[in-house]
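In what follows, subunit A forms one complex with subunit B and a second complex with subunit C.
Showing the complex of A and B:
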């Protein structure tokens, strides 16, 4: 039944769904805000616990054959049919968080524009770009004529993409400047880091690999180990990978602990505690 | 003494100008430098070569214009191989820009290899990245329902390219071209639970983190940054974006190494001169 709720809709039905979703969400938000903070915290806690419990149970519960007309070999448990609707529900919730972010941005930049504070010009640029991009995208979806399509191409290719690429490219210039100033052989550790960095960089580029191309490429020949790309691979797989794995294990265990604390409502500072 | 100080404190504007030239000039030259193919690139090539014809590949594309230099070239060369090998593929983006950027790459290449959108490949479009794990879990279980429609709003269930594709077990290979750690979610929620081989193409800066997954066998191959794409183009025998950028990449790296060596040499020489002066004063 839940799957039926998330079927693609078009035209008037789509507009009806969007309107219905907005009205329903506003009612839920209003009801949530009307509840005293203490109970509100409990409601959020319960929703978080149920969400976490669903995925945990679905993962650990034993599976059995659950054939469907489309997929006769399907296996799962009694919760498996709800994984797709739950995925859709979380997508909708995350879409709302985007809306929350937009409201927050509008509040911050709106105040700055109204007060005429420093940076008000940048805030106006934010409003202008957001509104223009939004209008053009909606127009292009609703009426895909040549003007709307070209407007979208102009903004997307000419504006957003170029700005994004430029912003990222600028980093290269800072890296050159920072590497030149920071990589100095002031201690044994710094020297080791510098030598490793130079070997990996040389091993990563065609001209660097040319330096040792006269060394035999036959892996059975011992001298082969002195090719720059072989030394680079040794550094990456024998020195870097174990260290990365150790960090990943630590992060994983830490993440599990934090997830458990959030799931069980033990994490301090969350769930409207400041309002309670 | 003064020159040694100057060499240690070169004005950053000269560094910027030097980098600009180092990156730009090679594009005016027609130089191709052969490179040895790394083990991880070879493994990626073999993984695609071993796919049965008409099998289905889930092609994750999670990059934006910011990393197009690396990820664009990686996407293009991997897509070429998939098309050359005559396998079906579906693009799935967790970045709003890559949905369109990769659509264009596929549209450009499809005429070259006789591919047709909807028949041989499909673009499932963009999904919110903050919901990545939950979405992939749902996708693995029921692909047509979780995806819904492609980027042209056509229900994927009705597309010929999706024939026989119901859940993750129908996927023969997963690829993910990414500048972030999205590939980890693919490993956790799709590749490992359903025992699907997976290859990744991260940016060079992300590659060190990914080597550990290669070592453990959780990924079958990797194109490490632009260099990985250069190696792959060479393996396929094509001259694409990566090969054309190869000399630029080399020059930029050499410039950085050159300046680092220069700064350090000047510092060491200055130290030596100072210690000699101190010794002279002491005597």
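Showing the complex of A and C:
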């Protein structure tokens, strides 16, 4: 039913839908703002509970075959057809919050530019970049000619992506300084870490594996276990992987507990008033 | 769309019931949880910030509206409440627009809860960028420019974790981190003063607030972990014995928990 209601619209109908959605959203916002904070919290708790209940029921309820022309093997239950329309609500909320994020950025940088405070030059660079990127992107979408496409490639791929790559490459230098501190022999634990790291690193590279190449490669020979790549595999699969899985077990259970607290409205002490 | 297998249909509700029951018990009885070094260090970091008179930076990571980020926000509000008592300035950089309005309200309420609403500065809860490395550059710049005395990293982090932590170290900030992103824990351990690992991250809000409900859920988590450990030990024994006697039971056990 919801899918039939939310069919793609075009032309005047689309403009009408957009206008209607904005008016509806503003009315909802105004109504929420008019509600006293005490009741607003109850509304949030109720919305959280209903949302959580929907997804939990959809996930846990037994499934049966629900083939579609696109996916003949699809399975689902009576709630599955509503997952996509329900998920679209998140997209709408996200679209509104992006606007809030941009407003915050403009407020912070705008104040700095108006006051001429330190960093005003950077704030002006922010406004310039935002406006130029916005204009070029809209032009590229509206008139996808060669100039507009090239402008977008120049700014996005040539500028933004390159800046991203530059920041990412800095990590290489930070890894060296962090590794130096981590591997300094200051305690028994640090020494153990250093030895383990050296074995794993040597086991990863050909020159390291050459060190133990004279040891027989026959897996039935006990001495074979002393080949550096075998020791590396043992460290990674018998020591490292179980430890990581144990951490993941704890995180999974912890995540479940927090999700339950949020869903049932028991996390009040963190965001709202204490339990007293 | 993914749906629960039969095992998950039984196990997850069972663990959920255990957690909810311990929460209900905790409301009537005092429960004990052990000392967590990294969380005790938060007070030390706040004290140092007060002495130095410089701001602190609390990053809640790159996560969107998800459980780790909400937990990170809960920890951050406790840090803000504790620091508000000493009139410390706290800067909260935000990477996700969805979480920005929630963070702003949570931070404002933290100041209000301590009776220091005048200390709240809306500009200190800043949406910077939702692009990973633009956010990394912004936070690193923020830490350097503001000469942060303490940096807290709680939430979901990726490759930018080391950029933050190394920048914090360069400015001489005391740093405490906690993340559910297991791949980033080694980087934080190498660069931060204190790191809380694994489910300690989810225990943090209970540990800091001592709210009965939260303490109860931590005890429930431990019981749930005990159940899982029991299943792992039992499974290992069944699979080993089945392999030794050549029985197909071991394979059936694997299939059950696949």
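Definition applied: the second predicted complex is superposed on the first by the 205 of 276 C-alpha atoms of A that agree within 3 Å, B and C clash if a C-alpha of one lies under 4 Å from a C-alpha of the other, contacts with A are read in each partner's own complex, and residues count from 1 in each chain.
Here is the rule we use: contacts are C-beta pairs under 8 Å (C-beta built on N, C-alpha and C of every residue); 3 or more make two chains touch, one makes a residue touch a chain.
Just so it is clear, the structure is predicted and the values come from calculations on it, not from any experiment.
Q: Which holds for A:86: it touches subunit B only (first), subunit C only (second), both, or neither?
A: It touches subunit B, and subunit C stays clear.
Q: For A:201, select first, second, both or neither according to whether it touches subunit B, subunit C, the two together, or no partner.
A: In the superposed model, A:201 contacts subunit B only, not subunit C.
Q: Pick one for A:76: touches subunit B only (first), subunit C only (second), both, or neither.
A: both
Q: Give one of first, second, both or neither to describe whether A:222 is in contact with subunit B, with subunit C, with both, or with none.
A: neither
Q: Touching A:108 in the superposition: subunit B (first), subunit C (second), both, neither?
A: Once the two structures are laid over each other on A, A:108 reaches subunit C alone.
Q: In the superposed arrangement, which partner chain does A:248 touch: subunit B (first), subunit C (second), both, or neither?
A: both
Q: Name the residues of subunit A shared by its contacts with subunit B and its contacts with subunit C.
A: Residues 74, 76, 80, 83, 94, 97-98, 160, 164, 167-168, 175, 177, 179, 181, 244, 248 of subunit A touch both subunit B and subunit C.
Q: Which part of subunit C faces subunit A closely enough to touch in the complex?
A: 1-4, 8-9, 12-13, 15-16, 19-20, 23, 67-68, 70-71, 73-74, 77-78, 94, 97-98, 100-101, 105-106, 109, 113, 122-123, 125-128, 130-134, 136-137, 145, 159, 162-163, 165-166, 180, 182, 185-187, 189-191, 197-199, 201-203, 205, 209, 211-214, 217-218, 220-221, 224-225, 228
Q: Along subunit A, where are the residues that touch subunit B in the complex?
A: So the residues of subunit A in touch with subunit B come to 3, 6-8, 10, 55, 70-71, 73-74, 76, 80, 83-84, 86-88, 90-91, 94-95, 97-98, 156, 160-162, 164-165, 167-169, 172-173, 175-177, 179-181, 183-185, 194, 198, 201-202, 204-210, 213, 217, 227, 229, 233, 236-237, 240-242, 244-245, 248.
Q: Where on subunit B is subunit A touching in the complex?
A: Against subunit A, the touching part of subunit B is residues 10, 12, 15-16, 18-19, 23, 33-36, 38-39, 64-69, 97, 100-101, 127-128, 130-131, 134-135, 137-139, 141-142, 144-146, 148-149, 153, 155, 166-167, 169, 204, 207-209, 211-212, 214-215, 224-225, 227, 230, 246-247, 249-257, 259-261, 263-264, 267-268.
Q: Considering only the defined contacts, which subunit A positions touch subunit C in the complex?
A: Answer in residue numbers: 58-63, 74-77, 80, 83, 93-94, 97-98, 100-102, 104-105, 107-108, 111, 119, 160, 163-164, 167-168, 170-171, 174-175, 177-179, 181-182, 244, 246-251, 253-262, 264, 266-275.
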